[in-house]
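Read through the structure below, which is laid out as structure tokens, and then see the notes.
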Amino acid sequence: MTVLTRGAYAAPGTSLDFKTGNWRSTEKPVHIHAKAPCHAACPAGEDQQAWFAKLQEGHVEEAWRELVSANPLPAATGRVCPHPCETACNRKDVDGALAIHNVERWLGDEAIANGWAYPVEPPADDAPTVAIIGAGPGGLSAAYHCLRQGLKAEIFEALPEAGGLLRSGIPRTRLPREPLNAEIDRLLALPGITLHLQTRLGRDVSLAELKASHAAVLLAPGCQESKHWDVGGAVPSDLHEGLSLLREFMDHGQFPEAHNVVVHGGGNTAVDLCRLMKRAGSEHVTLITASGLPGPDTDPDDLINVVPRELDEALEEGIEIIDHATVNRLIMKGSKVTGVEVVSLKKEPSASGRKRRVSFEGTERVMEADMVIPCIGERVDPDGLNHLLDGSYFWPDSPFGKLEDGVYAIGDARGDRGTVAGAIGDGAKAVEAAAAHIAGRPQPTLDTRAEMASTGLNPVYYALSPRAEPPKVPPEARTFTTEIEGDIGRTAALAEAQRCLSCGNCLACDNCWTLCPDNAVIKTQELASDGSHYLFDLDYCKGCGLCAHECPTGYIQMVPETA
Amino acid sequence: MQDQARLAELRQKFGREPAAPSEPTAERTPREAQPRFRGLESGHRACQGCGEALAARLVMESAGPDVMVANATGCLEVFTTPWPQSAWRVPWIHSLFENSAAVASGMEAAMKAKGQNTKVLAFGGDGGTYDIGFQALSGMLERYHNILYVCYDNEAYMNTGIQRSSSTPHAATTTTSPAGKERMGKRHLKKDLLSIIAAHHIPYAASASVAYPQDLQRKVRYAMGIDGPTFLVVHSPCPLGWRHASALTIEVARKAVECGLFPLVELERGAVTNIMPIRQVRPVTDYLKLQGRFAHLTRDGDPRAQEERDHLQALADYNINVFGLAGDGDDPVDTSGITTVGRGGPLAGRPQ
Amino acid sequence: MREALEGSQAIARAVSLCKPDVVAAYPITPQTHIVENISKLVAEGDLHTEFVSVESEFSAASVVLGAAAAGARAYTATASQGVLLMAEVLFNIAGMRIPLVMTVANRAVSAPLSIWNDHGDSMAVRDSGWIQLHAADNQEAVDTTIQAFRITQETELPVMVCMDGFILTHTLEVIDLPEQSVIDDFLPAFEFNRRLDPADPKSLGTLVDPGYFAEVRHSHHAAMQKALSVIKDTDSAWETATGRACGGLLTVEGDPGAAVGIVAMGSTVGTLRAGMAHTPEAGPAKLIKLRAFRPFPTQALIEATQGLDHLIVIDRAISPGLGGILGTEIAAILADVPNAPKIHNHALGLGGRDIPETIYADLIEAIKDPDAPLIFDADMAKLAPEDR
Amino acid sequence: MIEFRIHGRGGQGSVAAAYLLAAAAFEAGMMCQAFPAFGAERRGAPVTAFVRIGHGPIHLRSQVRTPDWLIVQDNSLLIDPNLTAGLKAGGSMLVNSGRDSAEVAQTFGCRALCVDATQMAVEEIGRPIPNTALLAAFLGLTGILPLDALATALKGRFHGKVLEDNLRLIERAAQSVPTGAWKETEDA
């Protein structure tokens, strides 16, 4: 029996005997570790938030190591990637997305300059060897991830140099040779990677041999064959196909002369070509694309697949773009083209669900042209791979690229790819699956965590801070060889890191600890079991939801009591 | 020296500071090892999302263990001390509704008489401060007691079930200022208490809000360092009385500041010495629409609602003009009171 | 040392001898001279105390509550409206069992406004749970004030020392003020183990639910009953220290064989004593001077009234609609006592009405008059017929 | 027991006179009691104060209804026919007045003496406060208490020049009346 105290005084802190936790009727707070949208959007599988966290602490090398745990070629991707991470960045509607792309490049360049070692160990002498077809970004990534999985890698490349599309399909104004060579050389120098140049599948080696001699085969051949292009059966006699024109230019430094150029297509190659032709002296360069230009109402499916920055630069340089259109007819004088008839067109939904292209009668118009360049994409060279292709590409069912046991597809050769970063991500995933296959482990699964939308954040806690922009060569000073975009620099890179909202993950801001009216958030000195610094004391938490509402990052969410 | 030894003993006993790395911490529970003074402990019986409980907890953390508290009758008193339990870890006394300032005066006189330095705090709600305890408060200030008086302002008599006080904002509904065919909630204005307090020419008087805990705690620490009467009014939303979701307590408090209806200002010897500029001034409707007590003001098509909204907007504009609250983004003080976050906590890792 | 002192001045000096840490008071007639004299002692440096000049009696009571709770010996004084303005705090002080001392310079309660003496004020707070001791003269007031500090400390019950306003407070008489060393020996240093202390931070003034409130009140009542012996013992100790007693709970004087007894509190006792001496023709009486009104010395009163046929109970306040307060209480006490005297209850001296020494004979005479009025000295001729 | 009633006007020191007289009695080894007729009056209004002195304890606390002595501090009060109400047979009245004593005695039907105490006070202490002079004259007349006792009581209340002036004043006032003229009623 509790005995009355004189005057009914109470002893300090005795309210702890009264567990208010049972007042929680419906919901309790939990830490959810949602995926940040940058991470979710990154085809290479980078966790930008994680490496920005290291940068915030001022640990640049650690940030790079964190970055290359997914992507071994940041100096390259930091120059060529269309950075869907920035498009997804929740900060874009506040004061501009983080300049993830530029910081990535800076980190990659820093690693080259400082000779930082990749975070891999040499594989054991008796480690299984994986065969990799193609030394483009996908193949290189796969080789690197083999080392991370304790496997050896043997790369077979048809060309005399490694680099694939990075070397052959991207102008130096975007990706100069020096960082590309340095990064590829550093990677290929890692013990455990063997490279066979000028070794072509179907000619020098066969898939069956490789399957027999290696623990797994990873196919990263890229797309080397231009797709056939004609307009109603007509083909100009002097037809220059886009990618080969670009390769030619990059090998010889010259373009055929033309005054009015029409480029037909909607990818980076098309835009690169437009800009180079313009710079080479063509008076009018027009891009005709079936896709839409970026805008508030543009459906992501409909959006032109070009690095936004590049598109801006192209417009800046005077390239004309006709969107939602196609070349309906070539106007020929003999076998030479003198003009094109353009018609408006849109991708409309069809009964099957796949989009179909519908051109609209009555919108035809004619424009002058003395050169038409199709830039509608390439297909996989079918040599030695015929039985694995479905049309022009591989179409693996698995996100890990598995075509059959021990054989995986990587990169552009997959019908659903199209970026360097995607190829790099494929390399990592394919190796992960292959390693599991080799070791007899269960196949890996995808990270299915929810993505943290901007609506899940509480933006008031973030001080406004404008996005850093790198220096750029002005349009009039641009050449064929000088890199247009400059280095963001250390100061700006570190400042950008501070702008990371840490979407969906704890940034140890103390808000929950500070704002709990019930003192039911406990701060821990060591990391709590869930990796944060905070515990919910459910003995006292009344479930008001204040911590979740005031969590800047959406890391705290209220879930049903029974969950 | 003696004070230091005593403080050390108190800290040891009540876990005011984190243990140094060399100290053994194994015997302390995580709760005991909290790197802050737990003056107001868990297990109190405040409503979910109670702004007053939060405000009191923040005040106690900054005030520290070497204090004693006189608490007026009200929610805070009732929910913290249902015998035989108490949520307080400092010496604390509740006497009556209207006399916390006077009881505190006596405590302070006792400390003076005995040559002790323990700081005396007096707590009251808006009822106990703006209304019934106003006289005792005025006397306390005039007599220049070394007391920090904290008013937890939730703008009505919440303890008795939401009756209007002189702190209730104009046009807010309470059970004694309901809206109806003839009335649009409270007919009168919120009393400008801070000006009256400041007119006592005391060293320091300030307003604070639970939405800005760092600012609030800075003000408490500042007041604690003053030997003389100081006054702090803390805007403390009441989810029950203001009729908003319990998770929105901070949001509502923040909007009150951002729209200008609850200016955060500091006055020394009656003169305004600091204000917290509003980073982005919001219309009062942003604040009103979150709360059921203003629901009658957000009805479409009611000209009376429009008029009262405009009235409240005019009052907010008045505050903004009088105190110069409209913030300029480039102003270095713009974010001084605003809690912003970065990895590793509010102060860590911010670019200087 | 014997001195000719005004009552208020004597009280101020007595309080000063007890070395209070905190004094808080608000001036009100007829208490004013007490606080003025204390202020003067402070101003002259003769009394080292925190003198808090509050803005109301309500705050005066609140300040001494806070001071005592914080471990200080605390004192206040008031009267009349001041008592009523304090009322809420007085209940609170007692309910929290806070030890402190207050002088009430008894005065009538308005309306109509009257600055003169009666007991309406202290009677209005008789249920507040305070010890109430009445002084019959200024020497008793001084001695009781000093004793009160010891009693409150021992019982953890607040003590109200009641002295008739003007009649005592403003009367100069010969007072023996003890030496400081006598007080220092008599009165232990102030200790209050429930005090507010950061080293042992208790919470005082909690919310008590119905499951324990009855026990709170019981313990308070029990403490009051235990205080009876403390009051008595303290007076004995005082007598040992000074050779002077105040009469413990109550004293009986006059003719021990008399059939008539008179009970009175405060300064009335002296006048009745003089009347008895100067009008022997009225007959003898047993004069019962009641010192402790709360706690009520029930047993002592029963013993004192044994053998009496008539007991005249003098009130200096009434409970309108019932009668005299002391009279009603004593009637209730004696109701079950065999052969209890017949009670004649009269109120005298309301609102400062002067009580002449002839009152003694008049009261004795009135025993024979079954219609003797409750308010004994009220003159019906002064009332309109419909107001009689 | 000897009872006194002192009549005056607010500001003339009537209550102080009562206290001084009682204090003087205490100094002379007697018991004493002095108190005002408590009123809410302000400066200028009639004021009454009472003194009882005796060799034994004084219990009675009523106002003095049957005084042995009256001391009247203000000439203007002589218009009140009730001034001498209750004055014991053979009681006497000392009046601060320039009027003829016999005339006053005849008016009120008692022994009376007029002394211009105000004039003496103005001359000696520079203020028209007649109380100490009247008390001194009274003691000179009656010999109830030695003048030294009053001087001692004054020393308990005043200091410095005020005290010196008053000591001179009471000496002069005591000598201004026929010493011991009313002595026979000392034990009335």
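Going by the order they are written in, the chains are A, B, C and D; count residues from 1 in each one.
As a working rule, contacts are C-beta pairs under 8 Å (C-beta built on N, C-alpha and C of every residue); 3 or more make two chains touch, one makes a residue touch a chain.
Since the model is a prediction, treat every value here as computed from it, not as a measurement.
Participant: Using the contact definition given at the top, which chains are in touch with both subunit C and subunit D?
Facilitator: none
Participant: Please flag the chain sitting at the greatest distance from subunit B, going by CA centroids.
Facilitator: It is D whose centre lies farthest from that of subunit B.
Participant: State the pair with the higher C-beta contact count; candidates are A-C and A-B.
Facilitator: Comparing A-C with A-B, the pair joined by more C-beta contacts is A-B.
Participant: Please indicate the chain closest to the centre of the assembly, with centres calculated from CA atoms only.
Facilitator: Central by C-alpha mean position: chain B.
Participant: Taking each chain's centre as the mean of its CA atoms, how far is subunit A from subunit D in angstrom?
Facilitator: For subunit A versus subunit D, the centre distance works out to 113 Å.
Participant: Centre to centre, by mean C-alpha position, how many angstrom separate subunit A and subunit C?
Facilitator: Taking the mean C-alpha position of each chain, the two centres sit 91 Å apart.
Participant: In whole angstrom, how far does the Cα centroid of subunit B sit from the Cα centroid of subunit D?
Facilitator: 65
Participant: What whole-number Å value describes the gap between the mean CA coordinates of subunit A and subunit B?
Facilitator: Comparing mean C-alpha positions, subunit B is 49 Å from subunit A.
Participant: Hey, what residues on subunit A touch two or more of the other chains?
Facilitator: Where subunit A meets two or more other chains at a single residue, that happens at 8, 10-12.
Participant: Subunit D: which residues touch two or more other chains?
Facilitator: none
Participant: Mark out which residues of subunit C touch at least two other chains, giving numbers and ranges.
Facilitator: As it turns out, subunit C has residues touching two or more other chains at 96, 201-206, 208, 212.
Participant: So what shape is it, when you link every pair of chains that touch: line, ring, star, complete or other?
Facilitator: Here the contact pattern is something else, fitting no line, ring, star or complete shape.
Participant: Chain pairs in touch?
Facilitator: A-B, A-C, B-C, C-D
Participant: Note which residues of subunit A are touching subunit B in the complex, please.
Facilitator: Spelled out, the residues of subunit A in touch with subunit B are 2, 5, 8, 10-20, 23, 53, 56-57, 460-464, 494-495, 498, 500, 502, 507-511, 514-520, 522-525, 535, 537, 539-540, 542-546, 548-550, 552, 558.
Participant: Looking at the complex, which residues from subunit C come into contact with subunit D?
Facilitator: Residues in contact with subunit D: 2-4, 6, 30, 115-116, 166-167, 170-174, 267-268, 270-271, 273-275, 277, 352, 354-357.
Participant: Which positions of subunit A touch subunit C when the two form their complex?
Facilitator: Answer in residue numbers: 4, 6-12.
Participant: In their complex, what parts of subunit C are in touch with subunit A?
Facilitator: Within the complex, subunit C touches subunit A at residues 95-98, 156, 194, 201-206, 208, 212, 215-216, 219.
Participant: Within their complex, state which residues of subunit B touch subunit A.
Facilitator: Where subunit B meets subunit A, its residues are 18, 25, 30-31, 33-35, 38, 40-46, 48-51, 53-54, 57-58, 80-81, 83-90, 210, 213, 239, 245-251, 254, 329, 335, 338-346, 349-351.
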